[in-house]
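You will see two complexes here that share chain A, one where it goes with chain B and one where it goes with chain C.
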Partner chain A sequence: MLFTTSRFIFFLLGVILIYQLLPQKFRWIWLLISSYIFYCFSGIKHLIYITVTSFSTYLASIMLDRIQKEQASYLKENKESLSREERKAYKAAMKSRQRRWLVLCMLLNFGILAVLKYTDFMIANINGILGAAGSKRQLAFMNFVLPLGISFYTFQTMGYLIDVYREKYPAEKNPFKLALFTSFFPQLIQGPINRFDELKESLFAGRKLTINNVSFGTQRILWGFFKKLVIADRLLVAVSTIIHNTDEYQGVYVLVGMFFYAITLYADFTGGIDIAIGVAEIFGIPFRENFERPFFSKSIAEYWRRWHMSLSSWFRDYMFYPISVSKPMLDLSKFCRKHVGDWLGKRIPIYLASIIVWFTTGIWHGAAWNFVVWGLLNCLVILVSQECTPLYEKFHNRLKVGNSFWYRMFQVLRTFWLMSFLRTLDCYQNVGLTFRMYSTIFTRFNLMELFRGGLMKLGLTRYDYIVLVPAVCLLLLVSLTGRKGSVRKQLSAKPVMVRYLVYFAIFLAVLILGAYGVGYDSSQFIYSRF
Partner chain B sequence: MKVKRIMSKLKFLMHKKFLANLAAVSIALLIIILLQSLLMPKYVTAIPEGNLVREYYDEVKKHDLIFIGDCEVFSNFSPVTLWEKYGITSYIRGSAQQLVWQSYYLLKETLTYEKPKVVVFNVLALKYNEPQKEAYNRLTLDGMKLSPIKLEAVKASKMEDESFISYVFPILRYHSRWSELTAEDFKYIFKRDTVSHNGFLMRVDVKPVTTVPEGRKLADYQFGENSYAYLDKITKLCKDNGIELILIKSPSIYPYWYKEWDEQMVAYAEKNNLRYINFLDLTDEIGIDYSTDTYDAGLHLNLSGAEKLSDYFGRILKDEYGLEDHRNDEEYRQIWEKKVDFYYAMKEDQYRELKEYGYLKSYGAASPDN
Partner chain C sequence: MDTILEILRGLHPDIDFESCDSLVDDKIIDSFDIVSIISDLNDEFDITIPAEEIVPENFNSAKAIYAMVERLMEE
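Here is the complex of A and B:
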């Protein structure tokens, strides 16, 4: 069920109404039932996967909790009798027991994700190798259908399990509460990937709806609709035209495609997240923010701290840090320092951890080499710019440009275009084609075509541009205003007439200018594919 | 005491903030309603058949005869002729490619307003067992007043990719027309001109039949279950209300009416004790001349053809069904005099346009240059 359909709106109204009518203690149960109903709309048979993830995580977390408690009570009881070594050995044995449960559960859940998401990718590669080796044998594709939100809920629940393993908080005792954390419907389509400790209190509290929450939540949903329907779905037509007609649209059109895709993806993804956060906000459940004006970043590393923050922080907390401080990595570091010197020895483990994380980030986004190359290129750019930082600083100091407005502007634009180049790997069919299209930017000079009606051939009419230009300007304005703090809070300080007029204008813009209904291809959220 | 308590409970209604909110919501709703009116197609000069269903609601609902069906009723029968020649009061609840279930729901709705003595249903629509095209659905359903019957009609008619809610709030369907608005959309925002004569869409132009069609061989001539199910419902609805149902096949020669279809209708009529008239077999008796009586080479009759057919059918209705002659009834006369005047004024205007432009510019006809 797409967020931007009337079916979802009616579903949400029904959920809200019944939620409010129910006694407080039953409300979280209703949210769980609603989430499963929501999930059923994507295919009833997919329920099995999310249920397996919920319950396997529950069992594993309870086992971890039990072992931790057993350990605590044993150590307490034998405080006097155990020597330091014995305590250490006991703790290590218990940790190993815990690790077994953790690994088992992670293998099961990441295994489900890997099999469903990557089997056909693997088969395609094996077939490619077989073909190259001259074999006529080809393996048949499995064509698994990916359950809704599997990449998101798997990461979210595994994050929970790792936190329990790390004793960040105790395991949830009620399996149904954990099932709600896994399946809470606003986060299913494209996240954000939430943390249990941030959500548990409000998620299970069954708080009464308040005027503030409903009003703030609705505003956020409305803004999400605006981004998705007025901007993203309209602009996607032009992006599709460019990337699916590569013989015709080369040179400057590739740059136009990059620019349009950057706006489309931003409006689509942040719009979807706005809707998700807004829906949760209505129930008084604060989701974590997923973006912090990423297009104002001055470097790729900063961009990744501000774009899809819930995923980046997941990789940082549950993958990058553990890999960096893992025993094999520390051993490698030691080995490298000894054999290749301190400078390189220190860096090799970090580079390796970064490559692993970025490879995984790439493959998480999609089972295709495009995404792998995209991830690794991001890694390369980040590592190179990290190494070049002293050089940049020297340059800034010498020219005294480091803090000037124009230099900062240059950095922002440089990052925007660099990211747009990298992001293009999402678009074209394969890596080879993407690089071929890159090359046409430098070999085919057709800038003037744009001004001779080229922009009108991309599937957009004059009226579409009339809508898009002010809508994107508004998006930019809201982002700029957001630097001074929450835009909604700033707006709520304005006179009531101004507020109502703004809300109503956005509502009308969505209603009239939204790219929905007959004549428009109602698009899935781009990130829901990942 | 009780009144006082209630008054104190309702005190919040007089609260300034509440009143301000109420005013804001009312203004917002009003703007949305206005926008919806503006954005909906007006169907006055182009595709006037889009207005047929809607116009019924402006009518004084006192008709002895109701037609239901597709373009073969709204183009081929003239209620004014039936009035002028026989004093029969009739209305055509027809629409473009009206499907059997739409005819059923339109009849069901009509019966909530009035109870005619005879209902005439054109059977061509039985060839469609499922919804065909969104555009045709819209031409029939958008004009219906919002009611449970309309919702049932939408449910039965909507195609898989159509959204139900957009029939309740048409702005969700027509929102993107903002870039196509014309002067006509602003002119008819509150009130549209009447385009039909009791559901009859007049055309005086002529395009003769040049070839008589041969029916393409079909794999299956059997009408579908869904079509029959709704025909049964129409039959039952009429029987339950004591209304005579007449099944007809209008004398349009396109789309081709197969012998096998005709046989099914004969059998159905016999089984259900109904009258079935295939006017295609009676064209000589009626006096239809396909070189002068059609405006699109046999698909629809023009005014001349419609008047001949109505005259012929009127006699049957009067002699065999005893439909009353209301011409001497002052109340009816007052209503129908205006209709007759409008009818002849339009007829005259159409001849004027034909002479001036060579085609019916303001009456939904395509320019011959197109």
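Here is the complex of A and C:
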């Protein structure tokens, strides 16, 4: 069931109504039932996967908790009799027991994700190798259907398990509460990837609906609809025209496609997240924010700290740090410092961990080489920028431009275009084709083509452009206003008349200007396929 | 403490690490800096800093880093 359908709106109204009627202690159970009903709409047989993930994570976390308690009680009882070395050895043995449960559970859950998501990718590669070697034998594809939200809920539950292993918080004792954390319906389509400690209190509290929460949540949902239906779904038509007719749309159209896709993806993804956060907010459950005006970033590294923050922080906390400060990595660093030099030795853990993380980020987004190349190119740009930092600083100091408005503007535009350039790999979904299209920017560039009716051939009418230009300007304005704090809080300080006029205008815009009907595909959020 | 300040100044010579207490919160040091600091601390103090110790509270100031190092040395 998609957020932008009337079925979802009726579903949500039903959930809210029953939630409010129920006694407080039963409300979280109702949220769990609702989440499973929501999940059933994507296919009842897929329930098995999310249930296995919930249950296995519950079991493993309870085992971790038990071992930790056993350790604490043993150390307390033998505080006087154990030497420092004995205590250390005991702790190491207990940590190893915990690690076994952690690894087992991670293997099971990441294994399910890997089999369902990457089997056909592996088969395609094996077939390619067989073909290149002259063999006529080809393996048949498995065509597994990916269960809704599997990439998101797997990462969320494994994050929880690692936190329990790290003793950040104790394991949840109620398996149904953990099932709700795993399956809470607003986060299933495209995240955000939440953290248990940030959610547990509000998720299980069954708080009464308040006017403030309902009003703020509805505003956020409305804004999400506006982004998705008025901007993203409309622009997607032009993007599809450009990327599916590569013989016709080359040169300047590739640049137009990059620009349009950047706005489409932003409006689509942030719109979906706005709806998810808004729905949760109605129930008084604060999801973590996933974006912080990413298109105002001055470097790619900064962009990734502000785009899809719940995923990038997941990779940082559960992958980048553990790999880069692991014993083998630090030993390798020491070895390199001794034999190759300080410069490389210090960088080895960072470089290797970054490459692994970005490879995984790429493959997380999709089982195809274009995503792997996209991830690794991001990594390359970030590492090169990191190495060039002293050079940039020298340049800034010499020309005294570091803090000037125009130079910052240049940095923002440079990052925007660099990211748009990399993102094109996601558009054409083929590495060779993408690079061929890049080359046409230089070989077949004709700016005037756009103004001789070119823009009107992309599937958008004059009316669409008349809607899009002010809508995108409004998006920009809201982002700029957001720099001074929450836009909704700023708006709530305005007189009642102004506030309601704004809400009504956005509601009307969604209703009248939303891209509905033939030629528009509001059926999917781009990130839901990841 | 002097060793820690020296490590930090090696990364960002222009920052006053003795008074700053929001190194992570204000994004003065990033994840690359943290890995570099940990690598140096491991060498200097012969300790192992596991990934679970990498939380803003432990890296927001030179004092916080010092407290973490002391705690890990005692364990």
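Note that in this section the second predicted complex is superposed on the first by the 525 of 530 C-alpha atoms of A that agree within 3 Å, B and C clash if a C-alpha of one lies under 4 Å from a C-alpha of the other, contacts with A are read in each partner's own complex, and residues count from 1 in each chain.
Note that contacts are C-beta pairs under 8 Å (C-beta built on N, C-alpha and C of every residue); 3 or more make two chains touch, one makes a residue touch a chain.
Just so we're clear, the structure is a prediction, and the values are computed from it rather than from any experiment.
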item: Chain B versus chain C as contact partner of A:330, first or second or both or neither; value: second
item: Touching partner for A:166 - first (chain B), second (chain C), both, neither; value: second
item: Partner chain(s) touched by A:500 [first = chain B, second = chain C, both, neither]; value: first
item: Partner chain in contact with A:435 - chain B first, chain C second, else both or neither; value: neither
item: Which of chain B and chain C A:346 touches, first, second, both or neither; value: second
item: Touch count on chain A, higher of chain B and chain C; value: C
item: Which of chain B and chain C A:321 touches, first, second, both or neither; value: second
item: Which of chain B and chain C A:6 touches, first, second, both or neither; value: first
item: Chain A residues within the chain C interface of the complex; value: 88, 166-168, 301, 305, 316-317, 320-322, 324-327, 330, 333-334, 346, 349-350, 353, 386
item: In the complex, chain B residues that touch chain A; value: 20, 24, 28, 31-32, 35, 39, 134, 161-166, 171-173, 175-176, 178-179
item: Footprint of chain A on chain C - complex, ascending; value: 27, 30-32, 34-36, 38-39, 42-43, 48-52, 54, 75
item: Residues of chain A that touch chain B when the two form their complex; value: 5-6, 461, 463, 496, 500, 504, 508, 511-520
